[in-house]
Each structure stands twice: as C-alpha cells, then as structure tokens.
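Below are structures written as structure tokens.
Two complexes are shown next, each including chain A; its partner changes from chain B in the first to chain C in the second.
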Partner chain A sequence: MITNADFLALEGNPGNFTAKLNIRPRYIDADLCTACGLCTQYCPKHHVDPYNEGLSITRPIHIDYAQAVPATYYIDPSSCMYIQHETCQICVPVCQSHAIDFSQKPETRELTIGAVILSPGFGKIAPETLEKYNYGKHPDVVTAFEFERMTNASGPFLGEIKCFSDGRHPKSIAFIQCVGSRDLGCDNGYCSSVCCMYAIKEALVTKEHDPEVDITIYYMDIRTQGKDFDAARERAEAIGVKFIRAKVADVTPWENHLKLTYSTFDGQHKFDSHDMVVLSVGLESPKDAKGIAKATDIELNKYDFCQTETFSPLQTSQEGIIVAGAFQGPKDIPESGTQSSGAATLASIILKNQRGKGTESKEYPEEITVSDDEDVRIGVFVCHCGINVSSVVDCPEVAKDAGKMDNVTYYTESLYACSQDAQEQIKQTIKDQKLNRVVIAACSPRTHEPLFQETLKDAGLNRNLFEMVNIRDHCSWVHANEPEAATDKSKDLVRMGVSKAARIQPLPEQTVPVIPKALILGGGIAGMTVALSLADQGFESVLVEKSSSIGGNLQNLKNTLAGETVASFLKNLTMKVTKSPKIDVVTDAALTQSSGFIGNFNSIIESGKEKKKEQSVDHGVIVIATGGHEHRPDLYQLGKSKKVVTQKELETKLAGRAKNRAPNSIVMIQCAGSRGEDLNYCSKVCCNHAMKNILKIKEINPESQIIVLYRDIRTYGFAEDAYLDARKKGVVFIPYEVDRKPVVSTQGTKVQVDFFDSIMQEDVSMTPDLVTLSVGLVPDGTEELSKMLKLPVTSNGFFLEAHVKLRPVEAAVDGIYLCGLAHAPKPIEETIVQAQAAAAKAAIPLVKGFVTVDPIVSSVEQDDCIGCGLCTSLCPYGAIIMEKVGKKRKAKTISASCKACGICASHCPTFAISMGGFTNEQLISQIEAFGNKTVEEKVEA
Partner chain B sequence: MGKTIKQREGAVMIVGGGIAGIQAALDMTELGYYVYLVEKAPAVGGVMAQLDKTFPTNDCSI
Partner chain C sequence: MSDKSFSPKILGFLCNWCCYAAADAAGVSRFQYPPNLRTVRVMCTGRVDPSFILKGFLEGADAIFTGG
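Right after this comes the complex of A and B.
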C-alpha cells in the first residue's frame, strides 16, 4: 500500500512494465506514529477539512477519520505553519513517540509490475455549474456530498441537520436531480447512474432523523434500475417523500426560505419554497483523467472517462492496462466492486505464469495452548464507537460492571476498538495480562468479528477464545431514547457474554482440499466468459448447456447500442470455447443431481436429445449462468395482433430485408408488464433496447414517426447519448402514469392505441403501423436449481447474492457463484463484467487448492445419537449425513458444508449435536447470567 | 535518482485506492499475486469512507 503518492509514468509491455511514482512526504514517520491524536490537539492552525466536504475545521496535522488505513497522521503542507513559514513546530515536542519528521522529502519510486489496474474513481462537478442554483451564494443550498456528511452520525454535526443560514432545523428540503449530469450546459450529457439512489437514501435517512420533515425530489426520470432498487423508491413514497417530475430553472432567496422555480412536463411554471436545497450532483471523470491517459497512453471517451467496448468492458485501449470502477463510467458501489473482481481476472490471466512467485503468506505466532485446568483470565473491552454507542450507553459504567465479574482480570474502554492503534493495544494487553479469553462489547459481529479474531490470532490466541457483545445495534441504536435502559441492557449483555466466555474452548482450524475444476451451468455469454476466463488462468471446466448450441440470447441480437456487430463477436467467442482443451462443452444437457461442498462437489449431468446418457463430474466450484429470456405478457394484444411485437422481434425485423421493416408510424410502450404487473421489477435493458431499435428505424426510414410511452426512461450512463439522439431525431417521448396506462385494441387488421397525453393534457387515439412492447426479462429455471443446490432466490425468482456490495457474485452457499441474467436483468456489458468477476471468485479456491472451514460447525456425539435422521432431513445445506457405525445408523456432519445455522442441534431429541462455540453449557450459562442481575463482588485482593 | 524497491514477480499496480481499487487488490492477493495499491490521498477508502449508510439497505459504509 503506497499512499500520498502520484502515479507519474508507465513504460514497458504487458508482463513487464515499469511505473514511476512520486511519494509526497507525510512529515510523520508511519512506523512510529501511534495515532494518539495529541498532535492535532496542540496544533494551533486551522485547516478546512476536505473529508467533511469543507463543513468543519481540523488542523493541518490530523487523520481523516478514526478507522483510516494506514492509521498514521499526516501534515497537510498547504496550511502547516512550519512548512509555509518555518515557525511553530509545536507538534514536534508534543509527540511522545518522536514520529514527526519535517526533514522528509518527496521520493521517486519505480515499480516493476506485470499489469496495471486503473481505478482512480470519479471527480466532482465544477462549482460554476452549480451557481445557477445559488450554490456558493446562499448557505442553505448544499451538494448531496455535503448533505451526506451532515446526516452522518460521525460527521461534523453528529447527524443533526441544520440550515447554515440561521441554525434552524429545516422543515422542508428539496432535492434537485441531474445537477451536472444529463446537463448539456456543462457538456455532461451522460447520466451519472447513482444520484437517484443516493437522493432516495438521503431522503430516507433524513426522515429517520425527523419524520416531520417535508422532502420533495424534483426529477426528470427516477432511475432506480438496479436489483430491488425500485422497492426503495416505493418505501420512500410510502413514508411521504414527494416526487415531482419537473425541471428546476432556478433557486432564489425568498425571506428566509429558498424559492424554486420549476416547469412540469405539461408546460406549467410553478413555484415552491423550501428551507434547504440539496443538489444531486453527478459524477465527473476523475480530475487526473488526462494525466493518467497521458502516462499510460490509453484512450478516453468524449466525456474523459476511460474508453472501452461493449464486449471488453474492462479492457483499455492498451494491452496489460485494465480499468475498473467509476473511471470506466459512472456507477454505484456494487457495480464497482464487481468490475474490480472482473479486473482481477484479466490481470490474473496476464500474470498467470508468475502466480504465487512474488507473495509471502502471513505468519502468525505459535498458538498458545489453553488447557482445561488453567485459570480463566478474561479481558473485557468496551467500545464507544466514537459516539455511536457512548452517546446513549454509559460505557465506563458498563466496563466497571464487567470488571466486578468472576474470571475478569482486566477491563478497559476504547474509542474505536476497530482502529489500528486499538488493535495493537488489544494485542499488547493480551500478552501483558496473560488473557486467555477476550470479550469485546462493540458493534455487530456480522461486520467486525473476523477483524477481532484476527487480532487474537496475531496475539497467539485461538480465534475462538473470543466473544463479541453487540451493544450498538442492540442497545444504543434501538434504545436511543432510553439511555438508562440501554446501559442496563448493555450490562446484561456483557454479563452474559462474560459468562459464556468463561466456558468457551479453543477450536481447531480445519482445511479441506479442492478439486481444481469448475462446473458452469449455462452456455450463454455469461457461462462462456466464465469458462474462458478460467481456462486462460489454467483451470478446467465443464460447461453445461440445455439447448443444442452455446450462445444463448446473443444468438438473437444483431447489434449493440454502441453499434458493434454481435454475430462476429459471438462466432469468435464460441470458437474459442469449443476449441479450448480445458473446456468440456456438454449440450442438450441438464444437471440432475448435485451433492458435496466447496472444493468437493459431485454432479450428475444428463445429456443427449433422445438417447439420454449420464455423466458424473467431480468439481470444486459451481458457477450459475443459467440466463433468462424475454417475458411475453398477455397484455396490449401481444400474440393476438401481428402489429404488436416485442423489442426483440422488432430488432430481428429491422435486420431483415423486408421493404416495410421500418414502418412510418410506431408506438412503443415501455414497462409492458414490468414494474408492478406480471413482473414486479425493472429489467434494466428495455429502455436501451428501445433506443437501439429507434435509432435503427430512423437510419432506415428517417420519416418514421415514433412515439414512446414510458414511465421513466432509464438510459443510465453513456446510453443517455442515445436518448438525446432519439429526441433530436424527432422521436416523441410521453410519460404515462400507472393508473392511466395506454390501452391497445384491434379493429380488424388495424391496431389502435388510446392514451392520455400528459404533455398536451388530452386523450389521444392513434392507429399506428406497429406497436412495440418493452417486455422485460425473466430468469430461466431458477426454481428447480434453487431447490437442488439449496440456494435462496428473491421474490422475483432471481438468485440472491451473499451480500449486495461485499459479495455481489457469490451465492449464500460457499463454492457457488452467480452471474448474468440468473442473478438479475442486465445488459451485455454488465453480464460480461459479472462473469469475469465470478471467474475471479471461483478461481480463488482453485488457486489455493484448499479451503479453510470455519470451526463453528455442528458436531455429533455419536454415542448419544439414536439415528432418527431428523437432523439430516432438516439441514438446509445437506451438511449432515447418516452413516453406518457397526449395526447402527449414526449422524455425521460434513464440516465443509456446514453453515453453523444450528437447526440440527436445536432439533436433536437427545442433545447429541452441539455447535462449536455455542454448546448447551455455554448457552445455559448465558441465560443464567441474564437472570443473575447482581454481580457478586469479587473479593478485593 | 529513482529508487527501485525489491523486484517482485507476478506483481500488479492498482492506481486508486477507493472501493474499486481495494476490492481488486483483495482479489489479486487471494489469487496469488503481489499488489502495489497506489493512492494519492493519505489513506485508502475513497469516497465510500465518507458515506454513512448505503443504498438500498442503509448498511453501514465504513
């Protein structure tokens, strides 16, 4: 990790580049700094804090936030009195660890590398663009980034939202969407793809703070096209957030309010006053985009983002240089994370011959043996989580209370137990106090348990000698208005945790070998990309396709929106897949049975058209790329009139030779059957598909009259250019409301469309030559597969990822990965990226050759087992099997499959099953501790 | 006067230590490669470190 560094230049070829960096001085020795913060307290100079978007003051010597990595303070030279004027230097004697070093100089460093991943992020919209909304002139006009810091509990105002003008709490807040994007005034024609989401999030968070506040979002289209994103918009509407489809012309001060002038889509000009205005600013290309392009010789697009192609979305114009994240185009966190994993696959392919040669594995100290007869020595650490916990819970009191308990030999508090310096302190304390159990009362084990367990390992303790108590979510958050009760409950929970901790035992770490082969289900663009990505990294796979040929939906598409030809790409890809010696393609095939666990799966594949044959495959991972297909709703006369077709059918028609293939009048209906009818979601691709067909029609027949009836046009990202192009070519876009949908009827061979024209405010009746429906996508066969592999699906039938942001391509079951339409509707480009990401994640266990099993698994005391089999039938992961021991049937846990849910243990009639880390003895002691309110005072030594 | 540090085989340079760069770095190390994560700010984390909660689940961002 090289921070405070500028990337200057790159030379060489893929596999052998030399990069030149300039590392700016921190003026603080990272090895000596303990992040104690004393320097900041003594520094006399003010410094506007960019971390808080300039809303607060810090000192030139500071750290951005407590959890910053590396946890080393730094001096901002722009305002340091010594660096600017050679005075002061108060910090030098203040620092107890003598870490301050003004003699540091900028340093040039050269790196020898095989590949480069560019992920410089995004830039901010120039303030001049915001001036027309009175930003910079009126204090109550803020950007969404500033508002984000204002609503943040650890932000400069501790989450309190106030007007800067007079400190009052705003009663009415307006969000203005599309500021600096979809805005030709600042040459940003693209859609930033994230602002609708963050505006809704900030509106929801604000409503949480103050349910009475009135929030209005002024928008052109709400673009919540992501998986389950529409639900959040509905949630916002349900709690009273107002959405007004309008363009805001200006914002002017009016008494102590702000007056918004806006025009609605029916041509009316309206005014409204608000206390505060939040500008939903878009994402620009990164500030140093041109510098990076110059250093690496990569091409940028017209908006200065990195230029890529639909079929190679992460490949820059230079070989060996890969792009990921917002620099490739504005995008949200899940998309960025997915692109990063995809980028890792591409880099891994370039470097595959050097894999493992440059790395060292982390060494842990030898584990201290903790035997049964040894005295239990518990250390209790109570975390303030800044003020997240301590503003409600009396942390010193909780810590003191814990100190009174038996076996507790040490207790303390910590401002942020998760910060790097606190981690070091915990390690030292374990050694100094000879602790053999650790209890941390802090936030959620869901997010922080692995971190603290790592700390224990670093200190030489088995990681299971750890108990975490959640006094944030369970106390300070849910009982925010009852501090005393929250403190009492914290004490109860800590007492229970300590009582359990006294009974926990070290559990051994287990590893299981991995069969270096993948099973890929689905031979469309997603499955093929995964297979090739794995083959290029040296791994074999079996590609199972249900139809007679691989290629999937791509076989029905002609062009991409950007104009690339699909057929030649597909032909090339198919050839590579079929010719690869590492890929075994099985067509007309289906998975009929699958068992096992990560590293060791066995699957039965049935193939052949008439004569079926079965083959058994042993493999280490499964990638699901089973795809989807166009939905055919029984709506708008589809299937009843020849003049009503889907976008896919229109694309085929337009690619044909028929003379009238681009008719003179067309009505398109968006969201036909989607977003609340047959399908309860947005399919993300239909608006782009419509634009693609529209532009093709206009190319063939420029006179064609096209009317698009829509709810929200969702041409996010650079596809917005196509939308603009369509409007420039005279295509008419008319929004319709859900309660006033268009009606299609047939009159002989004619087809009639009746709709309410919301722009002209009148009913219209038309008889176009053709009606085209944007119908959405549905997943293929996810229901059966979810039962066979015990994987959860969403209410809409798509496979559910393990975590939207942290594990977007992994399924809940280890060793199973998701990509393509089986996960959610998405365009080609995103499907390819996701497939490359799934290939990275699937390759990780294949590369390692083994998997580590979490020791908190179930185990069966076979002497007590009566062989009833209840556990086997109940286990949702197929992790308990029955085996013959002598003449009797006994249950046995497959540790690698076990998810430690505890269903087996809770149902076993003879208590023969116990969970590692959650034994009956431990749980009963916890319950008893809850009842035992008065802690017995320890005899003072 | 450039200083070249110990040459490592199978190394990748990631320019930018925001959420995208960090995720790529983690995946690359898991895949068995050495990573230089180059960040212009004094700490990694990027814009996501400034966020409190994230859409649509309002999960903590840090």
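Right after this comes the complex of A and C.
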C-alpha cells in the first residue's frame, strides 16, 4: 500500500504496464510510528482540519481520523513550522519511538504492473454553485457534508448540532436537494444518486438527537431507488420529517433566521423560514479526472466521469485499465463496494498467470507441547505505550501487583511492547522463563492481538495461550484525570486477564480443503457473467438454468437506454458460456437438495423435461443468480384491454414493424403496483425503461403525444439526460399523489384514463391510443431456495446480504454469494457488476484452496449433548447441524462456517458446547477475579 | 448511603465487534467516563449465559452492563 502519492504517468500494455508515481514525504517513519498521538498533542501550530470539512482545528502533524489506514501519522507541510520556516521541531524529541524524519524527500517510483484500477472517488461541487443559496455568506447555510460531520458523535462537536451564527440549537432545519446536480446552471445535468438518501439519513439522525426539531426536505423527486431505501423515507415521514416538492429559488437572511423562497409544482410561490439550511450537494467528477485521463488515455464522458458501456461497466476505453466507484458515475457505498470487487475480478483475469508468484511463506519453530498437568507459568508484560499509559496509570505498580497473582512467574514493563526490539525480548523471555501463558497489558486486542500472537508462534507457543488486557483505550485514555482510579482499574483488568489466562488451553489450527468448483444457480446475465468470470480465472462451474435455454430476461430486451443492441451482446455471451470447457450448462434443471458448508458442498440437480435425471455435484461455493420477472398487477385494466401494456411489451412492440407501433397518444403510469401496492418497493429500472421507450417512440413518431403520470421520476445517474431529452421532446410529466391515483377504465375498445393534473390543478379525462404501465420486478423462487440453503430473505422476498453496506454480495452463510434480481431489482449494468463482484468473492476460497478456521470456534462434547437441537435453531450462520450418532441425535459444529459468537454455548441446557478461548470456565474465572473475594469472604457469602 | 459516596462496581460484557470496538473508539477520541466499569470481552453478547450475570452479582457487582 502506497499512500501520500500521486499518479503521474502510465506506459506499456495490458499485462505489462509501467506506472510512475510521486511519493510525497510523510516526514514520519511509518515503521517506527506507533500512532500514539503524542506528537499532535505537543505540536503548537494550528491546522484547519479538512477531514472535518474545515469545522475544526487539528495540527500539522496528525492522523486524519482514528481508523485511518495506515495508522501512521503524517505532517502536512503547508502549515508545519519547521518545513515552512525551519523552526520548532518540538515533535522530534516528543516522539518516544524516534519516528519523525524531516530529511524525507519526495520520491519518484516506477511500478511494473499488469492492470490498473482507477478509483479516485468523487470531487466537490464548486463553491460558486452554492453561492446562490447564500452559502459562504450566511454561517447557518451549510453543506450536507459539513452537517454530516456536525451530527457525527465522533465529529468536531461530538454530535451537537448548533447554528454557527449564535450557537443556538436549530429548531427548524431545511434540506435543499439537487444542489449541483440536475442543475444545468453548473453544467451538471446528471443526478448524483445519493443525496436524497443521505438527506433522509441526516434527517433521521437529527431527529434522534432532538425529536422536537422541525425538518423539511425541499425536493424535485425523492430518489430512494436502492434496496429498501423507500422504507427509510417512510420512516422519516412517520416521525414527522416533511417533504415538499418544490424548487428553492432563494435563501436570504431574515432576522436571525433564513427565509426560503420556493415555487411548488402548481405554480405557487411560497416563503418559509428556518434556523438552518443544509445544501444536499451532489457528487462532482474527481478533481484530477482530466489529469488521469491524460495519463492513461481513457475517455471521459461529457461530465468528466469515466466513460463506460452498459455491457462492460467497469471497463475503460483502454484495455487493462479498469474503473470502480464514483469515478464511473455517482454512487453510494454498496454500489462502490460491489464495483471494487467486480474490478478485482477483471484484474484477476488479466493477472491470472502471475497468481501465487512472488509469495513467501513464513516458517515457524515446532510448537511446544503444553499439557494439562504441567504447571501454569504466566508472564505478564505491562506496556507504557510511550507515555500514553504511564502518564496516567502507575505501570510499575500494576506490574508489581500482577507479580503477586497466582500462577504469574514473571512480570515486567515495556516502553512499547509492540516495537521490534520488545517483540524479540518477549520471545527470549518466553524461552528463558519457560512461560506457557502470556498476558500483555497494553492497548486493544482488536488491533494488536494478531501481532502478539505472531510473537508467540515465533517463540514456539500456541498462539491461543495469550490474553490481552486493554489498559490504554479502556483506561488511561478515558480516565486521564483520575490516575489512582485508572491504576486500580488496570490492576483489576490485569487480575481478570491473568485469571482467564490460567485456564486457557492451546487450540489446534484448522484448515478445511475447498473443492475448486462453483455451483451457479440461474443462467441469466448474472449467472452467465459469474460463470465466465470464474472460467476466465481457471475455475470450473455448473450453471443450473430452470428453463430450456440460458439468457434470462435479456432475451426480452431489445436495446439499452444508451442505445446498445442487446441481441448481439447476448448471442456473444451465450456462445462463450456454452463453448467454455470450464462451464457445464444444465438446462431444464432445478436444485433439489444441497448440504455441506464452504469448501465442501454437495448438491443434487434434477434436469430434463420429461425424463428427469439426477446428478450429484460436489462444489466449494454457491452463487445465487436465480433472477426475477416482470410483475403483472391486476390493476389499470392490464390483461383486460389490449390497449394496456407493460413497458416490456411496449419495447417488443416498438422493435417490430407494425405501422401503428408508436401511436399518437400514449399515457404511461409509473409505479403501477409498486411502492405500497402489490409490491412494497421501488424496482429501480422502470423509470429508465419508460425513458428508453419514450425516446424510441419519439424517434419513430415525433408527433406522438406522451403523458407520464408518476410519483417520483428516478432516472438516477446519467439516465437523467434521457429524462431531460424526453422533456425537451415535448413529453409531459405529471406527478400524482398516492391517495389520488389515476384511474383506467374501458369503454368498448376504448381505454379511458382519469387523473388529477397536479400542475393545472384540475381533473383530466382522456382516451389515449395506448396506456403503458411501468410495473415492478419480483424475484423468482427465493422462498424455497431460502429454506433449502437456510438463507434469510427480506420482507419483499429478496435474498438478504451479509451486510447491506459492507458485504453486499455475500450471504450470511459462508461460501454462498448473491447477485442479480434475486438480491434486489437492478438494471443490466449493475447486474453485470454485481455478478463480477460475486465471482470475485467466490474466487477467494477457490484460489486459496482451503478455508482457515479461527480456533476460537465452538465445539460440541457429544457425550453431554441431549440432541435437543436448540443450538441448530439458534445459530445465525447455519454452523451447527444435527447428526445421527448410533440411534441418537447429536449436535455438531461445522467449524468452517462458525463465527465464534457463542450463542449456542450460552443456550445449551447441558453445557455441552464449548467456545475456544471463551469457555465457561475461563469466563467464570474472569468474573470471580472481578469480585476478587478472598477464600474467607467466600465462605461468609 | 448518600448518592455522592456511592461508587458502584460495574461488570461489563462487551461484544468484540461493536461495543468493545466502541470502547476503543471512545479511548482514541479521549472521551472521559467514570472509572467504575470492569470489562469482559466476548465474541458476541450471544455468548453471555444468564448465569454469568448472576455470578457477577454474587461476586459483588452493583450493576451488570452488556454491550452488543
């Protein structure tokens, strides 16, 4: 990982590029810095903190935020007194680990690489665009990014929301949407896709802080098209957040408030006052987009984002150069995460011949056997962490106290236990003192346990014979003004740690082999993309398709919104899939049975139309790409009148040759059956589908009069251009309210549409030649599959991912991955990316060839198990199964799937389940050490 | 016992993935809180057997905190 660096130039070809970088000096030796933060405390110079949007002050020597990677401080040369004026240097003697190095110079480095992934993120909307809302002039007009830092509990105001003008808590806050997006005034015609959702989130967070605060969101369309995002909007409405469909023209100071002038859709001009105005600013193309384009020769689109095609969404115009994240187009966290995994797949394909080359495996000494009857010999190491611990906690006292505890045969202190020399000392001490348990009282096991466990392994001890006590993050740092109490707490925590350590046992390292084959369910665009992505990396798969041919929904589509032809792409893709020797396509097939766990699944597939045959497949991973289909609601005369069709049917019609295929008068109804009717969600694709058909109609018959009745037009991202195009071509868009939906009726062969025109404020009745319904998408057969594979589904029947933001393509059960419509409704482009992402995740165990099991997983003592099955029913990961042992049912842990949560152990009525590293005995002894009762006291109790 | 002199002994069970991490973050941010808590790290609060809580009270805890 190279940080603090600029990308200068790229030469060469895919598979053999040379990238030139400029690495800026950090002025801190990353190997020596322990991120203790002392330097920042002593640095006398102020530095406006860009991480907090300039709302707070830090020091030139700092780290952006606590979780920054690498956890190494750096000096911003723009305000450092030594770099600017050759004075100060206070930090140099302050740093106990001598990490500060002002002799560092900028370095130019050349890297030989095979592929390039561009993920520079997004840029900021220019301040000039915000000026018309009085931003920069009135202190109570803030951007949503600033507001986000303000509401953040770890932000500059610890989550307290205040007006900058006079420090009062705002009682009324306005959010103005589409600032710098959908705004031709600043040449940003596109929709930034994320602002509606973040405004709702910020509104919800603000309401949590102060339920009384009045919040109004001024919007054009609420674009909560993401999975379950509409539910967040409903939640916001339910707790009183107001949504006003209006364009804000002006924000002016008015006494100590701000007056908003806005016009609503029915042509009225209104005023309202608020204490604070939050501008929902859009995502701009990255600042150096042009520079990147110049260095790599890639094409940009007209908004300076990376140009890509619908069928190859992560591929730039240059082979071997891949794009991911907001540079490809504005997007939110799950989409960005998905794209990054997808990009990894594309890069892995390019680099597959290099896989595994250049790696070195570390050798460890043979493990010393620690048996039960051996005396427990605990070594306690108390770390000062420079002065981070020792300035508050009396470390010598803590160490001395530890020395008096049972089983402690050695104790010492260390300036930095994590430093290289201290590690060597610990290793030597383990050997010299014949220690068989090690307790380190220092910082957090969450950051440092792996490092110390490595030290144990180097010394020949099992890495689990280790316990860490947190006397920094949980003690000296949070009780800085109470040294005595902090010392007492440290002693107690060490005693509890020592007591647990006396009862810990060596745990075996387990690995489980992986069968290098994937089972892919669904032969649509998602499943085919996964199969090809894996085949291109050298892995076999079985592609199970329920119908008689692969291709899925794509077979019904003619062209994309961008104008690409679907048929030729599909033909090419299916040909590649069917010809690939790595892909076994089984059609007319269904999964009837599946068992096993990551690396070792066995599935039964039934195939054939009349003569059914069964085949058994052993495979290491499962990818679910079972897709979905168009929902046909029993609404608006669909299926009753020939003049009422769906967008899909209209697309087919438009691609035909019939003379009247684009009639003179068409009414389209959006959200037909969606968002609260049959379906409780937004299907994400329908608005774009409508635009695609509208533009096609206008191409065939420019005279056609089209009226679109909608709730929110959700042409997010660059599809907004199509929406604008449609309006320019004279298409009329009229919003309708949920309680005043349009009514479609038939009179003979005629079809009549009655609706309330919210713009003209009058009832309208018309008899168009055609009514087109934008109906939603529903998943196929997720219910049965969810039962078979024990996977959770959402209330809308889509598979639930392991984490909606951070693990968007993994299922809760290890070794199972999701993509396409089975996960959520999404357009072709996003389906392809998600499939590539699922392939990336599925390839991880396939490439490794084994799954490593953390030794702290659960284990069942089958002699004690009464076979009640409580654990199996409670395990959230499907990691405990019931098996027959003789005539009895017994529980068994699938180690490879276990996440060590311990729910099974805490519920087992016979205490038959034990958690490695967190046994009942260990935890009870920790609790007893907490009580610290002497034997006599216990008797009394 | 007056409110002022009462300094309770609190035993906490902290989930490694959320509450323990939050306690780490509180430290990094130097948030100050009373020094009355003694913590036991577990991999999930689902690990907390009701008997641990009873045991905590028996051992003299004035309150038990579970964070998960």
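Please note the rule applied: the second predicted complex is superposed on the first by the 702 of 941 C-alpha atoms of A that agree within 3 Å, B and C clash if a C-alpha of one lies under 4 Å from a C-alpha of the other, contacts with A are read in each partner's own complex, and residues count from 1 in each chain.
Note that contacts are C-beta pairs under 8 Å (C-beta built on N, C-alpha and C of every residue); 3 or more make two chains touch, one makes a residue touch a chain.
Because the structure is a prediction, the values reported are computed rather than measured.
Contacts of A:2 after superposition: chain B is touched, whereas chain C is not reached.
With both structures placed on the common chain, the touch criterion links A:154 to chain B and to chain C.
Comparing chain B with chain C, the partner in contact with more residues of chain A is B.
In the overlay built on the shared chain, the residue A:336 is in contact with chain B alone; chain C does not reach it.
In the overlay built on the shared chain, the residue A:489 is in contact with chain C alone; chain B does not reach it. Contact with chain B, but none with chain C, is seen for A:205 once the two complexes are overlaid on the shared chain.
Residue contacts after overlaying the shared chain place A:111 against chain B, while chain C stays out of touching range.
In the superposition on chain A, contact of A:269 is made with neither chain B nor chain C. Comparing the two complexes, residues 154, 447 of chain A contact chain B in one case and chain C in the other. Across the interface of their complex, chain A is touched by residues 1-5, 7-24, 27-34, 36-60, 62 of chain B. Listing the residues of chain A that touch chain C in their complex gives 66, 154, 444-447, 470, 472-475, 477-482, 485-486, 488-489, 492-493, 496, 856, 899-903, 905-906, 915, 918, 920, 923-924, 926-928, 930-931, 933, 941. Here chain A touches chain B in the complex through residues 1-7, 17, 19-21, 26, 51, 53, 63-65, 67-70, 72, 74, 107-122, 145, 148-149, 151-155, 159, 197-198, 200-201, 204-205, 226, 228-229, 231-232, 286, 288, 292, 324-327, 332-333, 336-337, 339-341, 343-344, 347-348, 351, 354-359, 443, 447, 804-805, 840-841, 843-844, 847-848, going by the rule given at the top.
Interface residues of chain C facing chain A in the complex, by the touch rule stated above, are 9, 11, 16, 20-21, 23-33, 35, 37-44, 46-50, 52, 55-56, 58-61.
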